[in-house]
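First subunit A sits with subunit B, and in the next complex the same chain sits with subunit C.
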Partner chain A sequence: MRTPEQFKEKQGIDVFLRHRVRRLDPRAGRIEVEDIDKGETRALDFDKLVLATGARSRRLGMPGEEAENLFTLKDLGDGIRLKAYIDREQPKRVGILGSGYIALEMAEAFRTRGLETTIFYRGTRPASHLEPEIGDWIRKELDEKGVQFLPEHTPLSFVRNGKGKIVALETSKGQYPLDLVLSALGVVPNTEIAAEAGIGRGETGAIRTDEGQQTDHPGIYAAGDCCEVYHQILEGPVYMPLGDVANKQGRVAGENAAGGKATFDGVIGSSCFQVFSLQVASTGLTEKTARGKGLDVGVQNIEASSKVHYMPGAEPLLLKIVFERSSGRLLGGHMAGREGVARRINTLAVAVQSRLTVQSLSKMDFAYAPQFSGAFDPILIAAEQALKKL
Partner chain B sequence: MAKTTRLIIVGGSAAGPSAAAKAKRVNRDLEVMIFEKGDFVSYGA
Partner chain C sequence: MRTPEQFKEKQGIDVFLRHRVRRLDPRAGRIEVEDIDKGETRALDFDKLVLATGARSRRLGMPGEEAENLFTLKDLGDGIRLKAYIDREQPKRVGILGSGYIALEMAEAFRTRGLETTIFYRGTRPASHLEPEIGDWIRKELDEKGVQFLPEHTPLSFVRNGKGKIVALETSKGQYPLDLVLSALGVVPNTEIAAEAGIGRGETGAIRTDEGQQTDHPGIYAAGDCCEVYHQILEGPVYMPLGDVANKQGRVAGENAAGGKATFDGVIGSSCFQVFSLQVASTGLTEKTARGKGLDVGVQNIEASSKVHYMPGAEPLLLKIVFERSSGRLLGGHMAGREGVARRINTLAVAVQSRLTVQSLSKMDFAYAPQFSGAFDPILIAAEQALKKL
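Now for the complex of A and B:
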């Protein structure tokens, strides 16, 4: 994080905090911007514009969501408010709605602070956007670390006291007393300014751009969580609001707005996170997504040691690869384990993005020393076993 | 004197500041303004 003064001194960029852009007129090349503290609105002309309006937390649409002890976590301010509330009110029981990586990372944070932590989820396994096998490993980690995971518990309503504070959550499987609620149900893109200006959005609901991050209005670009991104394996736009993607898109939008000709070629869907001591990493398509695309899908699951088993710190890891049976093309790789996961996924990301086959992957010359991996790396083992399924 | 081209960026979390920094590196004469509705800039990612 930097201050507006640092932006001005080091880069000559003018940053205006607490200024809300209310309206965009693409034809006139003009915006209306409100100084929130002064309550004044002024019009400003631009030659080029970048929309980087981000996303906001998805709401349940349930009465009581505005309660002072319900939080969402999207930006730094949300985190500061949540931490201050816990310090002040000393809640004991926290309920988390949702089961994506924000929910899981926050389960760890709450538990580490000694809170009784329960995840309420309408699905069956944590991190349902990933492979079910990975979800089972995450579940085991949550159980071991004392986080209660309640599957098939759909939130129905909040029970509130006379002051409007949430005191319990009513779910499809019963009522649970709570002192604090974190709603972590994902995000939706902020597209209101763009929509009112007539800027096109895609089927995902996010702003549509070309490979140079330009919208359907020349000179107006979009980048980050407010816009779509091209998925190289699915060969179409998806909504994938991730920080690294936002930075890359922003850089391309900025270069082109300044007269350059940069392109952002898209993503394959790589991500990683950690819950307690379990690393989780994923790249490319899951089995479910690949089947949904109508591909002839083969999968290979293996459990292997992160390094040679006699070395200190060796840990079991789970690796699942997804491939096309007819061609052998690698479509995705998914891993969980306490060691050697988050970096190893990038090897698979290179393979997926370069359209390697499991035949080629099984012959890769990887570096070997026992403290880093087995003589046959887990990736080589999985690829070798996959050959039998082509 | 020729008018300096003005680039306006709506949003100051991750994509906005990245765009601003790159634009300024490509063209130092560009006037770059970031408008952020919140209290912080460059707080994401």
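Now for the complex of A and C:
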């Protein structure tokens, strides 16, 4: 990694590490930054500004969240601290609050280290932002791999010992002794500086931008987990703090701050992750989101083999497609399986973004070899089945 | 497997195994079939007929091709015979004529059995129907795995011993001693019955059909390796004998013979295969084919990592996209690599068939997780690089 000095020399950019923004004055084009170590404050003038203040872990606001054995996982430092604590204190029972990407990926990490791992979740299935059918597959994977998933267990309070350490979690369905808690309840955007400066936020609570990543203050841009993103199918802003989205927004914001005319077209909600050996991938709208938008929704669920059944490594795969019944337009695709899932989803991502119908999708010419797919790819099978529901 | 009797009982379909069609009379709606074992001939009347006569291995027409140690590989029986011969005769040196899918897959099979394996090819690179850049990657894989690839070696004649067995191959660049020859020079459609009956064939030599798989004789359909297929980007018929295409044509022909109105939209040339650990996949036009069509062609080659470089199993991947410079329209995509290739190609297949431009492709929202892809998928990187060439 380069030092700030090397970076400046190479790029001509000043870098202030361990500095905190105290105040932003959009009209004057000035920020005040404080040197955290020295306590000194200085003012810096700007012509253009990019806000990339990111997000932070969401907190329950329950007493005990400051306990030394409660962790969140947002950045590398969090991970290093958590790992060091486990190495030092050798906890046996871990409780995870939440059931999204981080909760599930960390359940695998804890279990792989041999810890007794329990997920406490107020909902009924893991990854509740995805299709319930996918959630059922994840649940099965957790069960098989020895992670306890406790649905409809709403955290109520932490039980602490005399030293303030959490020793148990009180939930809506009883008390569970724990040695370590991971709070994985998602993130909230860091918008305090923007809010104080009067920069507009959307209904999502994140900073609102136009397609050039400019905020409602000319010359001030925002990118990444601190801001909203336009959803092409929902036709409105959403808060979707994902790494690749942040990356793309950052490039657009940077280019425009430097005088360019770049635009970011937004997202359709493509994502993938893995929990143990189960790959999960999703693009476009879920059935629920599509119905919420008032569309005439059809769905098609299929189970198929990831490749021709006689080939080594063939695994069952779940595919659910969501479409508009009146037009046949594909709205979303959702998959789970141990093989051939994550790299397949972008085929559906292009189809959704190209506004393809299931009629067209069912006629696609896909590459076929038995070690990679059946003569009819699962996507073709699902699309063809869907035709009967139009 | 069911016996013909069981099949008839179950499906109400007569099956004549070991029968040969002697004559087809389209006007009378009659075929004459001969029982191969008994030598008896009988006439069968039909209202509708589906020709699915397939293809056979192409022959060089060189003396010695009938030798007991020369094999072709078209069906399961060929494979069983070849395997039995190797088990029995223990050949040491195998020569392969040709350099397509079968030649390359069989090179792997021979090498895996420990045989000295040499590919003799009149061209310069393996898989010459694909991009030369892909051919170079295949060549490298063959070299690494100990298969000798001899380019510009045109087979001239076989040297045979007193028993008629091939002992060497005479080529345009010298003589090579061999114990076994695999002739893998592609296939030619079986169109004799159709030709004698006056059913039309196209310039490719294969049976011509309309989009309902009907030949130029009403009520007579054709499907599979015996017939042509419409190429959506070349906008004309091609001969592309592939399993998944045959499967789709067969369904359409069968449905229409039974009174339906199915259509087959044709292909864009999607295919994939594997040679040793190298996956190769292709969709749409190659640079050469696109130029041959007189298009204003742009290409973009990139090498990228199949997933984020720090993830275990990340492998370099070659991606070449072909596009029309004037419009940006994506015409084809071609990939090679040891990981994450075959399942990625259909993303480009949908893009080509949806007539997407590289401009649109570069803005797609793809699913990202570091174990599956970089924050910018190789496809996005290639599309973005291509923008500079429009």
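Going forward, the second predicted complex is superposed on the first by the 378 of 390 C-alpha atoms of A that agree within 3 Å, B and C clash if a C-alpha of one lies under 4 Å from a C-alpha of the other, contacts with A are read in each partner's own complex, and residues count from 1 in each chain.
Heads up, the rule we're going with is that a contact is a pair of C-beta atoms (placed from the backbone, for glycine too) under 8 Å apart; a residue touches a chain by one contact, two chains touch by 3 or more.
Everything numeric in this text was worked out from a predicted model, so none of it was measured.
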item	value
Partner chain(s) touched by A:Leu356 [first = subunit B, second = subunit C, both, neither]	second
First, second, both or neither for A:Cys226, with subunit B first and subunit C second	first
Partner chain in contact with A:Leu156 - subunit B first, subunit C second, else both or neither	neither
Touching partner for A:Ala195 - first (subunit B), second (subunit C), both, neither	neither
First, second, both or neither for A:Ala84, with subunit B first and subunit C second	neither
Which superposed partner A:Asp244 touches (first subunit B, second subunit C, both, neither)	both
Contact residues of subunit A, present in both the subunit B and the subunit C interface	243-244, 247
Contacting residues of subunit C [partner subunit A, same complex]	232, 242-245, 247, 265-274, 279, 281-283, 340, 342-347, 349-351, 353-354, 356, 360-361, 363-369, 371-373, 375-377, 379
Touching residues (chain side subunit B, partner subunit A) in the complex	5-24, 26-28, 30-45
Subunit A residues within the subunit B interface of the complex	1-4, 7, 11-21, 24, 31, 33, 36, 44-54, 75-77, 193, 221, 223-226, 243-244, 246-255, 257-260
